[in-house]
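In the two complexes below, chain A is the common chain; its partner is chain B in one and chain C in the other.
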Partner chain A sequence: MTYDYHEPREVAEALHLLVKHGEDAHLIAGGTATVLLLRQGLIRPGHVISLRAIGALSGIGRAPDGGLRIGATATHRQAERSADVRALSPALTNAFASVATVRIRNQATVGGSLAHADPAQDPPPMLAALGAAVTIVSPRGARSIAVEDLAVDHFTTTLAGDEIITEVIVPPLAPGTRATYVKFLPRTADDYATVSVAAAMRLADGAVADARIVLGAVGPTPIRARAAEAALAGAKPSRERLAQAAALVRDEVDPLDDLRGSAEYKREMARVWTERALLALVEA
Partner chain B sequence: MTKELLTLRVNGEARTVAAEPHHTLLEVLREELGLTGTKHGCELGECGACTVLVDGAPVLSCLTLPVAIGDADVTTVEGLARGAELHPLQTAFAEEGAAQCGYCTPGMLMAAKALLDENGHPTRAEIAQAISGNLCRCTGYTAIYEAVEKAAKSV
Partner chain C sequence: MKLAQTVTVKAPRDKVWGIVLDVPAAARCVPGVASVRPAGSDRYQGTLAVQIGPVRLVLDGDIAITARDEKAGTASFRADAKDSRVGGAIKATVDLALADRSGATDIKIATDLQVLGRLGEFGQPVIKRKADQMMGDFAECLARAVAGR
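Here is the complex of A and B:
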């Protein structure tokens, strides 16, 4: 196992290297996923292209419209500590702070984790619930895709081999939007969730004007609970109605049996934690 | 397989080594620089035994490529003591019995140093956060918390 290591300083140079080496190339940013895949022999690229020296991919800041731009190579720790992230959504801060350990958060990047598409990650469900999108560039130009649509299966995205994630854009939240991220960790604090729930809700005149619920770790990708959302739309958010909506997620998730519980247990925990998340939003 | 020359700043010294490009920082520290204080644990990023500081921030050397370090300052457990004078964390770990088999201790010390460098008076919860994922199979952690608290008083 050996490879040539490249450290371009411009996005264009990285794209050139990606095209030149085709399937023999693999991108690396923080390295927590890629080094592991290399070490386990799960990928054997001849060329590893690092994005760390490309200044244009770094940084976190408010966008002119009041939203947020998170550079692809911003670390989870930078996102967790960003005043701009917290000002937009403390729930998003919490999702970044919930990732693994401080050591992983110091290394793993926001764009890298989205490209890795591990379905148990913390930020993607919250980013999806907040309507975030990623910007992707290739030699054909730039495109934007909703975080919700990026992952299509376990560790699989819609990214083509010559595409690079450059940033994550979180839109400004409609006034009165509340959001939360909850993570069920029955074993240890640094574990992957048994189930996690990201929810955002806006109430108007005492009724639910808008609700988004996205679950993590209970399917091949983050799962948008559309039936539960539909059950809330326009409704008064009584405890009974929240419980009814939460019960619908049991049939929307697609968990696997593993050390963190049986599939049936995870379905039930998805219901329980969705109900808790919704209650927290209404009672906040 | 060809080795490449690489210069790293480790414990305040510039060290040039010949290393294979796919080797991790952990392997280069131990095998090329002889700094065996940093431990191989899981090599999966889960146990914290290989924790070192890069520009003061704790990272997992088992998942770090040395080429990606650039000219950042790497601090390993060997860089804690000043000559014969132990770092207060090392003294407190010894006095409180916070090390038993000792295998997790270098990683614990580095995680705790990163915490105390930022927060001189951490709460028990903040200490738990900082060493979350630094696995110890002997002490049960209480002695480690107490040692970090004791060290905080003397740093």
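Here is the complex of A and C:
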């Protein structure tokens, strides 16, 4: 395993290297995913381009509109401890704090995890439920894409080979919005989720004005539960209604049989944990 | 791991039989197959490129027809391929069964796939899903190829 290691200081320099080395290049940020792939020999790039020394990709702060900007190389630990993240949404803080262990969170970056697109990660469902978007640059310019549209399959995103995620933008939340992130961990506290549920809901005049529900670890990507959301829209959030909506996620998820349980078991757990998440929002 | 697919092709059984036993033609329907060339009686060599996220596999190997019974409409294939860069291999047996259905033909494809070496690091569930997708694409393409003959 030999490769040239590059540590550009500017985004433009990183893009230049990425274009120059094409398919022989691999980006690395925190390295928690990439180093494993390298050590297992599953990827063999000739050039590894680190994003860590690029100051413009770091940092977390409030945007002028009241939303949040999280730099692509901000670590999960920085996001978890950020007063700005907590001020916008304690549920988002909780999603970052739910990732693996402190050692991993100190290393893994927010942009890197989105690019890796493991469907069992914690922050992507929560970011999607909060309507977050990522900014992506390439030699062709910049574009923005919703977090919920970024991943398209296991470990696969819409990112082209010459694109770099620079930041995550979380929009300001409408007043009265509540959000939660719950993670079902039947084995160990640092495991990947068996099922996770991120939900955001706004009530107006006792009825659901807006609801977004995104599930993790039960499909090739985070899955937006649109049928469940539609069942809640405009409704009074009674226990019965929440249970009916949660039951719809069984048919929206697409889990795999694995050591965390059968697909059927995960469908049922998706229903149970969605109902718990929705109840938590209403009874908070 | 075992994979099962059934596809219905709007063509008579003998016509479908002709294409599925024409390995280079049928192989063109497998997404990622770069080349398939004859290597002796009922044996072929070929290359298959598969991408799962950041991991790109180039599987070199051979396919052999191990059994065929035109009257019964059944055939079996064996495929062995390895990726020398990543260090892994696949072994597969594929059983086909063709059945008439009022002018159309049902093709049942039963695959038993073994994934060996580093490729296994990926996790069998993810590989199974990828293999399922590929076999699904193969079956659909086969249906189009037969219709176009």
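Here, the second predicted complex is superposed on the first by the 284 of 284 C-alpha atoms of A that agree within 3 Å, B and C clash if a C-alpha of one lies under 4 Å from a C-alpha of the other, contacts with A are read in each partner's own complex, and residues count from 1 in each chain.
Throughout what follows, a contact is a pair of C-beta atoms (placed from the backbone, for glycine too) under 8 Å apart; a residue touches a chain by one contact, two chains touch by 3 or more.
Because the structure is a prediction, the values reported are computed rather than measured.
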Dominant contact partner of chain A by residue count, chain C or chain B: B
Contacts of A:A100 with chain B and chain C, given as first, second, both or neither: first
Touched partner set for A:F155, first chain B, second chain C, both or neither: second
First (chain B), second (chain C), both or neither touched by A:Y265: neither
Touching partner for A:R39 - first (chain B), second (chain C), both, neither: first
Contacts of A:L256 with chain B and chain C, given as first, second, both or neither: second
Set of chain A residues, in rising order, touched by both chain B and chain C: none
In the complex with chain A, residue positions of chain C that touch it: 52-56, 85-87, 118, 121-126, 128-130
Residue ranges of chain A in contact with chain B within the complex: 1-5, 7, 28, 31-32, 35-36, 38-39, 50, 52, 77, 100-104, 106-107, 188-190
Chain C contact footprint on chain A (complex, rising order): 23, 26, 34, 37, 40-44, 116-117, 153-156, 220, 256-258
Chain A-touching residues of chain B, taken from the complex the two chains share: 1-2, 20-22, 24, 43-46, 48, 51, 54, 57-60, 62-65, 67-68, 111, 114, 128-130, 132-134
